[in-house]
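Going by the order they are written in, the chains are A, B, C and D; count residues from 1 in each one.
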């Protein structure tokens, strides 16, 4: 039996641009997750491992509502609402007892929340993945200048993500809530002294972060699979993002998310291509893929060794 | 004139546009207590950090016992014989008084990489720690958890930990802070006796204590030394009267 | 008994047989995945297995079911429990190759029988084969080889192939290439658990491929298919049945319509055993059976056929009875190769929509009486 | 003896007594469970040195656990295939001898901890948690995609490795071996906590500036603690692999790191026997709750939550009163 001959995939300019777009889209999605995480840490000093569960809640709520009504917009609204509601409940019942605890207690308690959310979701929705698809008006590819065919939906995700980023910057810099958030980041006692109801502020910030995670879950659920446990891989990536960007910094979350998105996507394409220069095709593919899967963690380690508080982190 | 034990030569530290220390030159001579005074925000804390190795200066040099230690870190300066106390007590609150003192004794020994024999049963460590506690009057409470000490006792323990190092110079950041008149008086008497062992660079707000103890005085305002000299000289200095003492005197 | 166990001794209404049962009852330990993300597969295997026993109305089988949480160390621990405490005669149930690799060698070395309802790693088919290990599903490479066979039949000459970078993924691509005669437009290993395939799809688009073969089990396949459908690419896609299984097909939806996949079973296979199975499964559980359910069902029937021929205490005889495979498989003809792995037809299926439900129908046979390449490595 | 001393004695007697009872009534699986608890406790004892004494919240200890496991897997798989690990420049053979495997596991884990620690300890707080997690993930992905030793399938060892004078295949004897190592590690960590090193490390957790101003380097103290911690967790990994006669990348997963942390917190941070209580309870819960419902993770989650919220200081802390690290 003749062994099939390989033809190495060459990296053309069009392929490269498409991959950059993919990296951007992935980065923007990570930003939606990371923004909530970094806000919650910046304002309340809380490490929330259960953030990925809120992402899952958003995706499941969207799938359920889309299945019942057939409307993708309603599904997005439901995702935002369900995640915000879940976030509010969790904040009121559990999280607010953790603000004065050390990180260790927070890690354990939110680890426990992951278990409860995941199995609870399986209990309600069953063990099989749910169906959620792109609405017709956003499906299929569009042709970009330069002859690049690119899925419209992914462009829409980039658009939504950037809009949320702009909205968040505006919220933090131009609104009363934003002023309070910034005050809360720098000095918790001061804002209590200013007469702001701090526990209400915390609930609002937590629910906002949860809603963003839920939105990300719903948007991504339409092109991936809506299933139990979908949140944890994203959660870890979101942590990588906020640590690279500097915890508490929304700007850092955006920069970190785009760095991670681009590194992961381009690394997966370029590294095997690079290794093909001096290894045979199969070994290059395996080795390159192995290294590519470690790449963002290597990026994070390098950033932290270079700047122990991330790119935009404030000094202790 | 004898060589100074500890000296800064034009040390400067900027935070952004603000120069917290601006060309500060000081000398600590053998056997003296040299007080540094100045209003809040004058740069006293920054100066202490620069002397003890917590911050690196943008310009200038720090010399200790004739050697340039500008590039050395905190540990190296401590091992060279620089004993420091903190303004806000930096003590292991969960540990006992004796354990805190033994920590100093471990530093004096030059290493803590022993993993088997209990530290408190090592006679050499224990004796050194107890001796220091006795000198500051805390021997009775050696077994008490530090968190349960009164504020004044914690100030004493701060000094005791520095004592265990048997340093060649002390740098003390407001040892009287938060103590009542009686406590201050006791600490003043104690420090008075200590100058025979090693000179003290004393940063202090309590003017009674400063006037009672200081052989020489430096006045720091906006990161600069505006006057240095004996008590009488500084009191007479018009710049000081205007900038600092003027309001009180 | 203090342990959670589903006692499936289906002695409904058969009072008085219990005393006799203890004499020659066969005790089966089922270790499978019942919680977490991969639970759907284990539940189907369990349900198919228990259905067969219930249908047979037998009271001489006792089944202890435990959840391995898809963790190898838990599976090993449960196997120890089954062997040491429950004193089972036969083990079965494991879904994942890595868990099978953890459990099977030591279980068979301790004299237990193991009937695999799903996983068939190459090591257990070749050098690591064992007379007490019987695979009732397939050797892992089989469905991929069949995909290669289908590619030849369909005239594909330049395939782009992708799989996750782990042993089963590497085996999958090797299996496809073993039978496929054409050239490769590209070969990509993705991250295990990866959910975004935009990058790979871009590479497919940039290549001059005329077809795509992929092995991406579970959620990975759902993601790939949805994104592929949305990308506007219309190259024919072929893959093993795992991404087109009844359980997850509903989550893929329209994106899977028309896609070809290879499987040794399909619910529309025309034989009496299968018709009865599909009807009974729907009646019992209210859902269509999956590939995994069919494998669990066959496993139980194989076991019962051996019990009719020999006593489990007689290892030599029981082994021969299992090897004879004298049961009506829902997939039609079934026999064991020398290394105790199936020799069977593997079909090509197409995803269709029946009413509101997405399902598969057979459109041809990819490989007939297909065995596996590891037979010669197996010395037993 | 202090109250905590009595609790520790009872706890250890329980962990040793249950398998002895099971041995007497011929319930070998209970012995296996107890062995699992003892080994996981050992991993927790290792983490507790970094986490309890040093205040270093490492979410990457799975790296050391996995390295220990793979040290066993690689050495034993080469030995069972009579295939040397390396022929040039020097011949290195595999081995089935536990003491040799343990030494290699401890050395390899210590070396990894030295490198990871030296890089990670430049950061602190959440950044430290996350950078250790990142290193753990690197090992995880590497182990999955590295085909030489089985990748995700892992490595199976057909017969448990040997220890001179013992039949390690006998559950109670293997338990005895693991329990003895656990006792040694507990003794070591108890002595360490009172020794000069522990005193200085504990102070460095509370007031690093003070430690530096007496001339000791907090960085070096932490690094040495991290290395000791990683080495002990590596030893536990080797035993865990031998218990299962199997090693796989799961040992490197972040959930493994999380579970080791859970043992420590559940039992009581910085309590000598905390990890023993935590691991024993965790294994028991896993076993008992699994029998109650397919959705038993929900109950496990609720119990963990209750411990964090209402039983601060963990089991030992709650029973013995006055916490140390969590006052």
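We adopt the following convention: a contact is a pair of C-beta atoms (placed from the backbone, for glycine too) under 8 Å apart; a residue touches a chain by one contact, two chains touch by 3 or more.
Being a predicted model, the structure only gives us computed values, none of them experimental.
At the far end from chain B, in terms of centres built from Cα atoms, lies C.
Taking each chain's centre as the average of its CA atoms, chain A and chain C sit 34 Å apart. Centre-to-centre separation between chain B and chain C, using Cα means, comes to 75 Å.
Centre to centre, using the average C-alpha position, chain A and chain D are separated by 31 Å.
Mean C-alpha position of chain A lies 49 Å from that of chain B.
Chain contacts: chain D has residues 141, 144-145, 147, 295-297 touching two or more partner chains.
Along chain A, residues 118-119, 122, 286, 289-290, 293 each make contact with two or more other chains.
Multi-chain contact residues of chain B, defined as those touching 2 or more other chains: none present. By the document's touch criterion, interfaces exist between A-C, A-D, B-D, C-D. Those residues of chain D whose C-beta lies close enough to touch chain A in the complex are 51, 57, 59, 119-120, 122-127, 129-131, 133-135, 137-138, 141-142, 144-147, 254, 258, 261-262, 265-266, 269, 295-298, 300-305, 307-309, 312, 326. Partner chain B is touched in their complex by these residues of chain D: 188, 191-192, 194-203, 206-207, 209-217, 221, 224, 228, 324-325, 327. Chain contact summary for the complex, chain A toward chain C: residues 1-7, 9-10, 12, 14-15, 18-19, 22, 25-26, 118-119, 122, 127-131, 133-134, 139-141, 149, 151, 153-154, 220, 222-230, 233, 265, 268-269, 272, 281-282, 285-286, 289-290, 292-293. Put simply, chain C touches chain D in their complex at residues 2-4, 34-36, 39, 66-67, 71-73, 76-77, 80-81, 84-85, 97-98, 101-102, 105-106, 109, 121, 123, 165-168, 170, 189, 191-192.
Taken in their complex, chain B has these residues touching chain D: 52-54, 73-76, 78-79, 83-84, 86, 90-95, 99-100, 102-104, 106-108, 110-120, 122, 125, 147, 161, 164-165.
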